[in-house]
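To start, the structure under review is shown below, and the notes come after it.
As written, the chain order gives the labels A, B, C, D, E and F, with residue 1 at the start of each chain.
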Amino acid sequence: MAPLNGYSTFKHFLVSSPSEHVAHVETNRPNKLNAFFEAMWVELGQIFAKLSHDPEVRAVVFSAVGERAFTAGLDVLAAGQQGLPGQDSSQGDEARRATQLRRYIVDFQNSISQIEKCEKPVICVLHGISLGLAIDMSSCADIRICSKDTRFAVKEVDIGLAADIGTLSRLPKVVSSFSWVKDVCLTARDFGAAEALAVGFVSQVHETKAKAVEAAIGMATLIASKSPVAVQGTKELLNHARDNSVADSLRYTSVWNSAMVQSQDFKAAVQSGIKKTKPRFEKL
Amino acid sequence: MAPLNGYSTFKHFLVSSPSEHVAHVETNRPNKLNAFFEAMWVELGQIFAKLSHDPEVRAVVFSAVGERAFTAGLDVLAAGQQGLPGQDSSQGDEARRATQLRRYIVDFQNSISQIEKCEKPVICVLHGISLGLAIDMSSCADIRICSKDTRFAVKEVDIGLAADIGTLSRLPKVVSSFSWVKDVCLTARDFGAAEALAVGFVSQVHETKAKAVEAAIGMATLIASKSPVAVQGTKELLNHARDNSVADSLRYTSVWNSAMVQSQDFKAAVQSGIKKTKPRFEKL
Amino acid sequence: MAPLNGYSTFKHFLVSSPSEHVAHVETNRPNKLNAFFEAMWVELGQIFAKLSHDPEVRAVVFSAVGERAFTAGLDVLAAGQQGLPGQDSSQGDEARRATQLRRYIVDFQNSISQIEKCEKPVICVLHGISLGLAIDMSSCADIRICSKDTRFAVKEVDIGLAADIGTLSRLPKVVSSFSWVKDVCLTARDFGAAEALAVGFVSQVHETKAKAVEAAIGMATLIASKSPVAVQGTKELLNHARDNSVADSLRYTSVWNSAMVQSQDFKAAVQSGIKKTKPRFEKL
Amino acid sequence: MAPLNGYSTFKHFLVSSPSEHVAHVETNRPNKLNAFFEAMWVELGQIFAKLSHDPEVRAVVFSAVGERAFTAGLDVLAAGQQGLPGQDSSQGDEARRATQLRRYIVDFQNSISQIEKCEKPVICVLHGISLGLAIDMSSCADIRICSKDTRFAVKEVDIGLAADIGTLSRLPKVVSSFSWVKDVCLTARDFGAAEALAVGFVSQVHETKAKAVEAAIGMATLIASKSPVAVQGTKELLNHARDNSVADSLRYTSVWNSAMVQSQDFKAAVQSGIKKTKPRFEKL
Amino acid sequence: MAPLNGYSTFKHFLVSSPSEHVAHVETNRPNKLNAFFEAMWVELGQIFAKLSHDPEVRAVVFSAVGERAFTAGLDVLAAGQQGLPGQDSSQGDEARRATQLRRYIVDFQNSISQIEKCEKPVICVLHGISLGLAIDMSSCADIRICSKDTRFAVKEVDIGLAADIGTLSRLPKVVSSFSWVKDVCLTARDFGAAEALAVGFVSQVHETKAKAVEAAIGMATLIASKSPVAVQGTKELLNHARDNSVADSLRYTSVWNSAMVQSQDFKAAVQSGIKKTKPRFEKL
Amino acid sequence: MAPLNGYSTFKHFLVSSPSEHVAHVETNRPNKLNAFFEAMWVELGQIFAKLSHDPEVRAVVFSAVGERAFTAGLDVLAAGQQGLPGQDSSQGDEARRATQLRRYIVDFQNSISQIEKCEKPVICVLHGISLGLAIDMSSCADIRICSKDTRFAVKEVDIGLAADIGTLSRLPKVVSSFSWVKDVCLTARDFGAAEALAVGFVSQVHETKAKAVEAAIGMATLIASKSPVAVQGTKELLNHARDNSVADSLRYTSVWNSAMVQSQDFKAAVQSGIKKTKPRFEKL
């Protein structure tokens, strides 16, 4: 797979280009079940921030190296030994520790939220062990697909925490049933690919990780062949709609499209439709 | 079918009354796959505004004439030839064209939103080709049912546009899975009746268009037999709930019902329940 | 079943403790199909307010005594005979009756909302006849499960009312399909356990009421074995997320966890994970 | 004063053009203290809707004919005799009357809100008697100025009503002191020009009505000489900011200006600033 | 002064009736500068909850006994000695103490918020020392007036706290200048009656406490002579407007008045206006 | 003045420490009237981000070097010559230019918003020429004071723009009168120190710039002597309150203080109050 230009300095992730205008980001710590430590999520945020404005990229696939795990989540052992900032109760008082913790959580959230803020659509492929942070990260993606062997869990209550990196904020808006969301978040129980599909958390299940990645790249390639003005506008407007009333969403949409409909892409696409040719769209 | 009184001047739609207190609106441009141009959506808005306050009407069915299409969407050919207002880059500068486009989009949104603002429940029946505007319009309806042959698509990205007439604003609040919504909106791929049912976009699928229309009229007739005070309040309160927090929704509900519970309909319905008779409700 | 300490004075509900840190609340008016009158919902609100801060309780199961009904809803006959406050049109004018009604509805809503405000997770088990108030109350619970014989209905339009005790405010945020929500709320038709499961209203269906209660107690026992700091935080943050944008939810989460992550529970849970022991958590 | 083209068919208002690109709307029922009845507010809404998109108009002055009154408010005598729709307690039940009243209030609000929705800035000049509807209407204007003799009052509680055409919705966001807002709205007491200036309800006070109108026309002429892209954007963004959080307002602003900053007006204005010439701006 | 019927069991406050339909609540701990401890704010909440639905009461004056202080705020000495719940760092861990503190703050907020939730207008008279809780409580009132000798301060930062009983939530929406709000809240400096008037925190300043109380009773008596339907609606709609967009406020207003305009009070008030008689309004 | 440790690499601003725990940031381009170009606002954002978490700093003064200008605003000449990104109409189409412009505006907003996001209070001192960006930046500060000679203007409409870096988003929430805000934003007219004080935009006016800076440092020193837990909490809660309903603000406050009230600062401050000593607070 050709590496994507400009991303070779990142250490914990592989970034390649499997097809034109498509980027593929892979977490690369397979011997530790792709468990995350701080330097990794900082880097992940930087990668997605860069992809967001990279004119060569129109769609992104996010998966992980190795057969066993998308990610086992936070590397708790490391975190448990060195502790989180502000957790050492011998240092500072409760308020100062709370401030350190809040800043730490906000920085962590900001890194992970770059997946959502990336202006290009992100398709996340989950497989194998997919715990804790796996849900936080994949909930930021636009589309989730997985392999049949995926074992998901919102694992945080099992380490004495309410999940705070995005799962609890996004999951109720990502899937259908609030009863199911409460069930998996309060019990920390595992669930599999079929259940994830039934409740709408993923929209496709494939036999193997390889096939799921192939499908994701196919979907990304399809999206990348379309007008980037239309695609990126669609992502932005759907995310805005999730968080706003219908009236506010319609107002924002009308302002957004007042510039965007002036694009050559509309004319090019309509002409191609009439002439049955493949349109070419400029970079964005 | 008896035409509904007062709607005979409309040119692009048939408006009839298949049963007591039920109106049936049918798009009537079957030879062009019921594709829409501006005069059509202006008229559609006027029809639903009129139905909203028409005391003879308690429930509405919305479908389309012909076997092939509910609608192929915007009549792109026409739009592509004459262009949208503000798209001719030789006229005015970018800001002035943007203003023209924004006004045009807002007017278009306002016409289609009349389906949602109509105080009476609207049941939309889709069949055959159901693209683009089909999703914008049906997302405004209260209940969606379809025939087995329906081919849906959020088609806008294929003509270089983010959908701006309501699909992106309403779809995330109408169906279950945000992953699925992103999938169909970003790829513009077709989906069929079974998939629409599985994700909850439609709530019934019937063998043929005729059977779907029959079922819709049956459901509308059932709704029309109930207290219009209760039915119209239920529609208003559900739409308010969609866009507000639970606390704000409860507050609004308590004020709404402070007048509505004084209605004779409550007493009539309770008495009918006790006496096993059919209640009569006054117009609204 | 051991009664739970401190709840013996309540008249219309049984409150027992089927396992450590689990409370079981049972509506106890089986000979009247567990239909509710005012003194009952006032008491129900008091019970859940008390459970909310009771340090012995970490999870709650809510079901009803008898085989025939979870509840037939509001005791309409009683309400119809004595009337609601403000409904006697010979007393006061419309505005004063509206004020009485609004206060009455708000008080009623406040009692039922205690189920949602209870800081401990609530698992509701429905069975048999489950009409009207059954939906209002169970929509406040965190998790809903039911037996196969359950007959649900949002029955209010059949007595000339828009449901005002919470169903219309919460249902659109609890299940998947807005089309389905509108269908059952506007037609007042019955639906069964399979349909409730398919749309995500319940997350489990069991053969009998006994088995459903057993499953609920099992789930409650599992939840009660986990860190109450984590569990109660998870409930609070999911409910906050439902009503707020993702950005606001992330901000609230970071402040919430700035205190909560300082807990011993995190350290205890991580240590237990490493040592494969069962952690002990202090009361909350 | 030259009449403004296209507005001669309106019966209750004079619409003239005192200077280039400036419209002057005057309520013209001086012998009845400019009291309003239904046909008047319907017409007023139509006038401001038309001005909103009229490319000849860039700023609007709104005042009233005659020396005694801007308006004495609603023509209560008329309203009291014929009653409001839905007030006749012999017709329909309480719920149906409530529905009629709600529709009537919403239509009335919509007419008056056209003053706020007009995309061009509106300067309202108050003088003499300025009661009830005077506050509803002027609160919709962008800038309020008055003559020294103005007597304001939020008069509605004196006729047994909470003001419902906009005063209570907008006044808390228009002036400084919530204590003062509550004072004048709850007591219905008069207040004069000096008090209105001190609390920020008006931003200028002039000796006579003539001088106030002259000042308003001067200000409107100044605004009309500036880039209409800049002016109309400023109005829109300030009104959006009033109703949204700072974060949402910044986001909306960035989208709005993404089209608007492309305008020739920016280049023309910058060049004029450098060359000390007067810029010319195209219509909008 | 005649005591008000039904309030004699309260221990820390005097509740009298200085004129028809007017209640006067006075904090009665003058020898301790009316400093508050927990039993006092619990009782205060109960009093205002009772006044809210008491049909004899249409307006409330809230002041304090003695010449020296409206209130010196929280009785810090007491609080400092016994500590707040959850502050003893030897008991429970940080998360459990945080939970205790949160519940304590919420209960405290709920008690004080009863002043705002009281459906009848509340006029607060401040005098002398008016620190900390004085601002929390008076910000809940509808109208604030004071005597010339009043010394206000948002004192909380001087005891190491951000004010959490309402000052920081309400003050930015009560007065004009955010720069001034930040100044007094961040520095904890004193400010006097003239400054409070200039920024709009109070709307009247009187020479002495006696005169301020007299003025408040006069204003309350005037408000109590008006339609309680109109007065209580005005309070509710202004408070709703403060927290909602103009569009949402107009919608809520139209529903509120759909019941309220049916009142006899409207007809009575209009008739009285025509006949120059004094209208009589029924209780509410 | 001692330079503040760690800020010497910044090129366009002086950062010193005039008293313990106080930072003083000065724009340093006096020969160009402190007009801003892109590298400057990027650096300004970095400085305030660094101050936000710098434990040595508890309050910040922001002013400008030189006697003539706080800032003349954007360096339009530079911007006019090189153009803004996306303004060259020969490059890309309208949609792509709009995207470039939106990204540019968002980055610019983010830099300036760091002044508001800085967790420590910021006192802004304005003097002399204070145009355009002067209002954007100072509206982000917590407290504004100025010298008598200050000439303010929201100048953007004079260069054909609606202000998009924060003025229109924040000004309506910073000062009293919406009529005045619209006046200065739509006319771009100058206003002086007295007018700025009267409407509440600034909270102090001093004879000279030197005296204003002295006063600001005095105020900052006072704030820096107080508990940083209390001060930073107060800033956060007031900014949250500005953008949220009272109910949401109270909820957020109770969670914030559940950690913060555990601080030693509360005990230290109460003890100091009793013992009349000066408390010492740890860093934050």
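The criterion applied here is as follows: contacts are C-beta pairs under 8 Å (C-beta built on N, C-alpha and C of every residue); 3 or more make two chains touch, one makes a residue touch a chain.
Please read all numbers here as calculations on a predicted model, not as lab measurements.
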item: Any chain in contact with chain B as well as chain F; value: A, C, D, E
item: Which of B-D and A-C has more C-beta contact pairs; value: A-C
item: Equivalent of E-F within the choices A-F, A-D or A-C, defined by over half of its residue contact pairs recurring; value: A-C
item: Whole-Å separation of chain centres (CA-atom averages), chain C against chain E; value: 34
item: Chain centre separation (chain A, chain B; CA means) in Å; value: 33
item: Euclidean distance of C-alpha centroids - chain C vs chain D, Å; value: 48
item: Contacts with 2+ other chains: residues of chain E; value: 89, 94, 97-99, 173, 176-177, 199-200, 229, 242, 247, 255-256, 258-263, 265
item: Residue ranges of chain E in contact with chain B within the complex; value: 252, 255-256, 258-259, 262
item: Chain E to chain C touching residues, read off their complex; value: 53, 92-96, 98-99, 103, 229, 232, 259-265, 282-284
item: Chain A-touching residues of chain B, taken from the complex the two chains share; value: 76-77, 79-80, 84, 86-87, 89, 94, 97-99, 101-102, 105-106, 109, 113, 116, 156-164, 166, 168-173, 176-183, 185-189, 199-200, 242-244
item: Residues of chain D defined as touching chain F within the complex; value: 121, 142-144, 173-177, 199-203, 219, 222-223, 226-227, 229-231, 233-238, 241-242, 245-247, 249-250, 253-263, 265-271, 273-274, 279, 281
